[in-house]
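First the structure, then my questions, so here it is.
Naming follows writing order (A, B, C and D), and every chain is counted from residue 1.
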């Protein structure tokens, strides 16, 4: 069992909760209220900008120049996806650009930035991994089950790309390599970081589903 | 009007919400259920460790050596207060040490760490200021109104110290000085950071009052 | 006069010293001893890896997402140029890959990494600017004067590219924009950082010319 | 053999070079020209401010709160020593406060700041260790051999303090503990960092002895 196999096993209950979440189910069925999808995409654009920053921090702090290059490419791609959301989906689904992160997006992005700034690269890599890996798995799950006449069709199709699949595999290989070089204590921190980001993936969908707003 | 006067004016509605919050009211009256107080102190200990880290980052990034010294002293003091919680209040109020940050503590600490790692020192100073300043004001408010036979008496009394009052004044002076040197755009970021941390102060108390736990 | 015009004026004596340096003169004439060129390219490969890290830090810390994208592209490009050195020039000029930074490369890269980690983005941008700008100007200077039968012909020609010229213009525009938003104190730090990196450009060539090695 | 024993063995030739350096010899004999001592103390004051920043970064990035506290105390102490230089030795030896770091101080401080910002805490700890450990050993060496009628008597005596000895022991214990938790690759980086800082200790004295100035 690879280290990343173990990571996935650790979050098995969280992953099941994500697949069972109303947001995922209704998106698949094409029954998700527009407001929830709009909320989600608007927050996702804000998320991706910080995800790019977190990946840039991993680039800056990697010892190995192959990893520096790989993380700069991931970082660049995250911003290009953010741009694509603005240029395509914001228009397509009538979404207003927002600047205010709602609670789950706020918690998740600050966790990624703090972790990739301050913890080891291995722990930072484990923290950014769920956004690659869970996204791919949930994406495949939705893509395979999505009804044909789905109003979110255009967006769901982007999940099927091979380019993203390849990125996830590269990120998994980096994480396993960093885990191999880490001691047991650092591996424990990697597992904690992976689990925390996986929880926050669930919260990200849940915030959109509940239209969560700040109370003060 | 100084810059910090303006900061306080900005958060006036948030400050009012804090004073009116059930946690503050019941603490003052001595009617707060023990479990809420235990939750609060346990989370506060976890918070203070990261608050110290955030202050150390400001020390590391300050241009002025007076500020380096001041921030190292604040950072050291935050850990000493964390120690005092463990050594005194954990025993006094039968609190179990915890390692899991609940949602508000998690969001707040990661925001402080990300901001003090990545934003300018001026913006980082504005982010750490509410924990000094709101705490002093709420502390005075509670201290002045607290009933005599209050089970939280020992803890409330710590609010009355002059040492803490002096720290807050020093932190206000640093913030005003940094704001004076900042351009309008950076001042805007300072105001955003101050407001965000002030919101998170409310959430910190609210999490204890609602015994908030992670949903997954 | 733009802010960057002023930066250039500040370093006018340093720039003159670079143009008059034996390394630049002998490179232009094709008379530079091979060992000096080998030393230079080997150190340049080590430099570029850290230059990429410094640019990634600026990406991570930029508030504006256009700047995040731009800095990730610069960061990626620096690694691609480092790769090109290894794949093309190391073979062409019989250069051994090295892992030990010599004094000038060591001082320069650590200055860039420390500055982009800890100072404001504006100051960090001023620190990375000389590697773009002085390189372009010196490159043009050498290209225009280089003798035809120059053993370093292949390498000198890369200076003539429009892509690099465009990058320098983008970096100048970012620096001017960040300076406009900065207060006078921060602008002073930007000027210091620009001057320091410009000095280190001179030292970088001088180390190659003198085959400088660590004394202990 | 502990990890730190191995570190010391690694730098044995560098340590011998330091003991044999003219600066150390002439300081011990009281024959060091005043200008060299002035240069050294002035640069040391600039060094200590950044040494404090580097220690604050280690505080900020330590997982263990005991280490956070210890590093904040080291960081605070470094600034207090810097203050003492200004208040006592600058007057006593007629030293002008300076703001310009000379080459060795520049290289060393930027290395410490870049390493403690970006590398793991274990590697950062190895980088700051020589300033504790070599200083103590060289200090003892000078103290035991110094002539009585030494014009640098007041300064040399500060080496004899038990407080500093205790700090060094604490720093050695932290380094050994971090090394125990590190994998082989990270231990290799620790050894590199320790050796590099040790070299830079030699350069720091050598710059004072040669009154080294920037060439451009």
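The rule is simple: a contact is a pair of C-beta atoms (placed from the backbone, for glycine too) under 8 Å apart; a residue touches a chain by one contact, two chains touch by 3 or more.
Predicted, not measured: the structure shown is a model, and the values here were computed from it.
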A-B against A-C, pair bridged by the larger set of C-beta contacts: A-C
Interface copy of A-D among B-D, B-C or C-D, judged by whether over half of the contact pairs recur: B-C
Chain centre separation in whole Å, for chain B relative to chain A (CA means): 30
Centroid spacing, where centroids are CA-atom means, of chain B and chain C in whole angstrom: 44
Length of the line joining the C-alpha centres of chain A and chain C, rounded to whole Å: 35
Chain D: positions in contact with at least two other chains: 53, 60-61, 113, 117-118
Chain A contact footprint on chain B (complex, rising order): 13-14, 17, 53, 103, 106-107, 109-111, 113-114, 117-118, 199, 202-203, 206, 214-216
List of chain B residues in touch with chain C within their complex: 60-61, 63, 118-120, 181-186, 189
Chain C residues within the chain A interface of the complex: 49, 52-54, 56-57, 59-62, 65, 68-69, 71-73, 75-76, 79-80, 82-83, 113, 116-117
